[in-house]
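Naming follows writing order (A, B and C), and every chain is counted from residue 1.
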Amino acid sequence: MYRIRFHGRGGQGMKTASRIIGTALFLAGYEVQDAPRYGAERRGAPIFAYVRADRRSINERGVIDRPDLVAVADDSLVALPAAGVRQGIDSHTVLLLHGRTPGAAWQERLNLAGPVFTLAPAAHVEAGHASAARVVGAVARLLGVVDRDTLIAAIRRELAGLGDSELAANTRDALAAYDELADQHGAVAEGGAVVSRDFLPPRWIELGLDVAALAAPAIHAPATSTAVQTGLWRTVRPVIDHARCNRCWWLCSTFCPESAIAVGGDRVPVIDYDHCKGCLVCVTQCPTHAIDVEPEEEGTPEGGRS
Amino acid sequence: MTRTLLTGNGAAAWGARLARIDYLPAFPITPQTEIIETVAAWLEAGEMAGRLVTMDSEHSMITAAGAAATTGVRVFTATSSQGLLYGMEMLYAIAGWRAPLVLVNVSRGLASPITLEPDHNDVLAARDCGFLQIHCATCQEVLDSVLIAYRLAEHPHVRLPVLVNLDGFYLSFTREPVTIPAQAEVDRFLPPFAAGNIAFRAHAPMSQGVAVLGGAAYSYFRYQMHLAAGKALSVYDEIAHDFAALFGRCHEAVECYRADDADYLFVMMGSFATKAREAVDRLRDQGLAMGLVRPRLIRPFPVDHLREALAGKKGAAVIDQNLSPGRGGILHTELAAAIGCGRNRPMPLLASFIGGLGGRDITPEEFYQMARDLVEAVAAGRSPVPRLLYTDEELRGVRKLQGVAGSTGGERR
Amino acid sequence: MTEIKSLRDLPARHLLGAGTPMCGGCGGLEALHQVYDLLGEKTVFVNAAGCMTLLAVYPFTPFRGSWLYTAMASAPAGAQGVRDALDILRGQGRITPEEDLQVVVLTGDGSAYGMGLAATSGAMDRGLDFLYLCYDNEGYGNTGQQYSAATPHGAHTATSRGALGYPGYKKDLFSIWAAHRPAYVATVSPAHPVDLARKIETARTRQGPRLVIALSPCPTGWDYDPAETVAIGKLAVECGAWPLKEYRDGRVEHTRVPKKRRPVVEYLERQGRFRHLFHPVRQDALLAEIQARVDGYWAGATATGD
């Protein structure tokens, strides 16, 4: 069975990518399962989707924890534990990263035994935006069981609602990636089932009763959400040019939906990059246009994004 | 201490008064309304302290009850039937808050068809919501159970809301002699609510009723509710023991009447169990070793108590005043599971009887016949097909109604 | 209480914790953080189902004070229970006045305009001393922006995808609330923070039911770039589609009457949810109807001297 996991940020098209691959494998004669998985987070936050494909009917369900292929739309997610990109990866897992850092660099940084392929963003793709279509083309090639015509048919089925020009652009991007990785045709091998002999037993416990004061789902501490680094959602960052900032009455801070811009007694605004989601409301509202937009550094695995 | 005639509703109101409740969010519904009217009159006359607020629905009422409880006051509320189901979402929600309160339900059959008369489908629809359930057979039990319920709900290891159930009409509007204990005695039994960290206060922020992400956190909190409800069994036994010591009335988790030396049992809950008690005496007169087992606690389900009571008996007639369409009696199903699992003790043959729906009576002759059917089934060594109690006379009556209604079984006239 | 005259009187310190799972550029969160700065942490927010259900996800909460999640229909009933309990505790001397809290209901339009309306009406009937903040993003946003009773005429939603969009009209919740003759009702916009702050300060000083609707631009549901949140909020006011007004002591007054209203199309054409009114064919009749309704509103408002 093929077990493929797609990682991206909400809005980057990984759910659609998983569906195109699901349809392509279905058209290629496989039994298929595909599904997205969302958390509480919204646009910009990490999400994942998965596809299973087998020649026989599929009994497995739910999250894939032993993937054969992990495709990542945005390589900044690799360093983010909450994104779970590295979950269950072993030496047989192929990792496909959309980004500019070379595969060998990732292998070294992450100490990975399995192959890592990178897919450079297309020239026409805006900085910070992943191309779901390129990921789709690359995944089809790495699987080696989806031919060009099947890939084209699957894209048409899933994206028909977008209109002809969008469909053509996506097909073109997917086929370009498909061709770029021609040398890696069939690099992904199907994984087997979890064996029932000599398996690792679950570490079940006798769950004890806790006092209700502890066992109630209530939070007794203030503002604990600040421990959540929503700054990791950002693909671009606002940067204040303090030479141009006229120390106004903190418009940027008032309008920032996240409470992520603080203004001290000197009326100098400071952006909290741990939490700024990169919505750029501050950029549009700054009366002196003192806030610039810069792309986040791509592929910094050590969490150097803030 | 006074002994006087009280309805079941009056007894429930006295329970609330003696428990020194702080707050009663209310909404009228037959046959419960007398409870809130009684408390409202006492509040207006200054005979008791506290606040009653009539809400816009039972859903709002149960929300307000839970919200007040989680702010740290002692809360009482009451409803019935459609009202309990209208607030069903909130029963689950506030049980999850782990804030204690007591809700009295006056059992009444559910629509459709609409009826005002009692059976247990309403309260059993709330079986899995996390509220503990105490079912009463007499008006005295109603008063006593409200007091016991507060001790149980507020126990630091339990801290779950408790539902006290009484049958509409048969208890709610029926007067019986009830001993009203003196306030000072009740105060010795039931201390003021020690809310601890169940509070919204300026110095102590709390976010309550929050979401969780992922099955592990969700499972932990739900498992803890289950473990707390399980713990409530031994806590209940201690409280019932204290109650008996102070007031001389024993309300065990499972009432056993002439069951010790019985060969055969009736098993049922609620007020009709006193009819079964009477039938036991009459059958004993005729030499049949009959007994009665009545679970007062339905959640937690007193499995060990019931197994103990049933072990070694030849047969048990389980009488359900409820119906799960497509399955049958709910108590029968629960009891079969309770005696069917584990441990090698001889357990009786079970016979299932459904009756008393929508206020339908169960006559003495029907109890005797159920006993006879049970004895025959034991002799044959085979559980009978579940019996829906219904007579040819009743069917003839319904046929007449159908004639008037113009119902012709699908043929156009 | 500080009198709010201009931006400089707005708080520069923000109370609401960052790190919530709300979308980047969320207009509702922008309104909430502005309101929270003014109300302070001696508050308990009673929440109904909506996007902000997920403000607090165990163990993370953005609140420095308290929060209670109830259900979609019954947040005002939860507020009743908390308020009554606090009053009882005060009356019995079990808490000091310093320990008391303001009770604030927080719901979206789905609850406020629909499922929770009976509970809100009941709370007003009972004269409950509380503040109600509705973040109105004109649809069931948390489930993917299906139309609600707050959706404007013609808007594309997940359940009104036809050529003419939503066939219904936005419910006049302000008037429904005001008809109860509560202590205070207001409409606000987080794009107009001074007006918002004045109204919250007014609401704070009054006793009884006080209800505020914040038009909350929603980049995800309204389909626009998150950076535009404030710009679109301002346009809603400047074109007259979202009148800023307040009700007190039996009178309705507009707090900001646009001198010369901008054409409604300027507001509509910046949002994807109205794109079908312009492309592929311009729906002139519908656009004229929407404009006429806005004009009609203001003609009536002026005629009655509001």
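Simple rule for what comes next: a residue touches a chain if its C-beta (ideal position, glycine included) is under 8 Å from a C-beta of that chain, and two chains touch if they have at least 3 such contacts.
Given the structure is predicted, the values throughout are model-derived calculations rather than measurements.
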Does the chain-touch network form a line, ring, star, complete graph or other? complete
Which chain wins if you rank chains by how close their C-alpha centre is to the centre of all protein C-alpha atoms? C
Selected pair, greater C-beta contact count between A-B and A-C: A-C
Based on CA centres, what chain would you say lies at the far end from chain C? B
Between chain B and chain C, what distance separates the C-alpha centroids? Give it in angstrom. 43
Between chain A and chain C, what distance separates the C-alpha centroids? Give it in angstrom. 33
Just how far, in Å, is the C-alpha centre of chain B from the one of chain A? 52
Multi-chain touching residues of chain A, meaning two or more other chains, are 39-40, 217, 219, 221-222
Could you tell me which residues belong to chain C and also touch two or more other chains? 41, 54, 56-58, 61, 63-65
Sequence positions of chain B contacting 2 or more other chains: 205-213, 217
Spell out the part of chain A that touches chain C in their complex, as residue ranges. 39-45, 217, 219, 221-230, 233, 248-251, 253-260, 262-263, 267, 272, 274-275, 277-281, 283-285
For chain A, which residues count as touching chain B in their complex? 39-40, 207-213, 215-222
What residues of chain C sit close enough to touch chain B in their complex? 41-42, 44, 46, 53-54, 56-58, 61, 63-71, 73-74, 76-82, 84-89, 92, 95, 98-101, 118-119, 121-122, 125-126
Chain C-facing residues of chain B, complex: 22-23, 25, 50-51, 53, 55-57, 59-61, 63-73, 75, 89-90, 93, 200-203, 205-213, 217
Write out the stretch or stretches of chain B touching chain A in their complex. 96-99, 156-160, 196-197, 204-213, 217, 220-221, 223-225, 227-228, 230-231
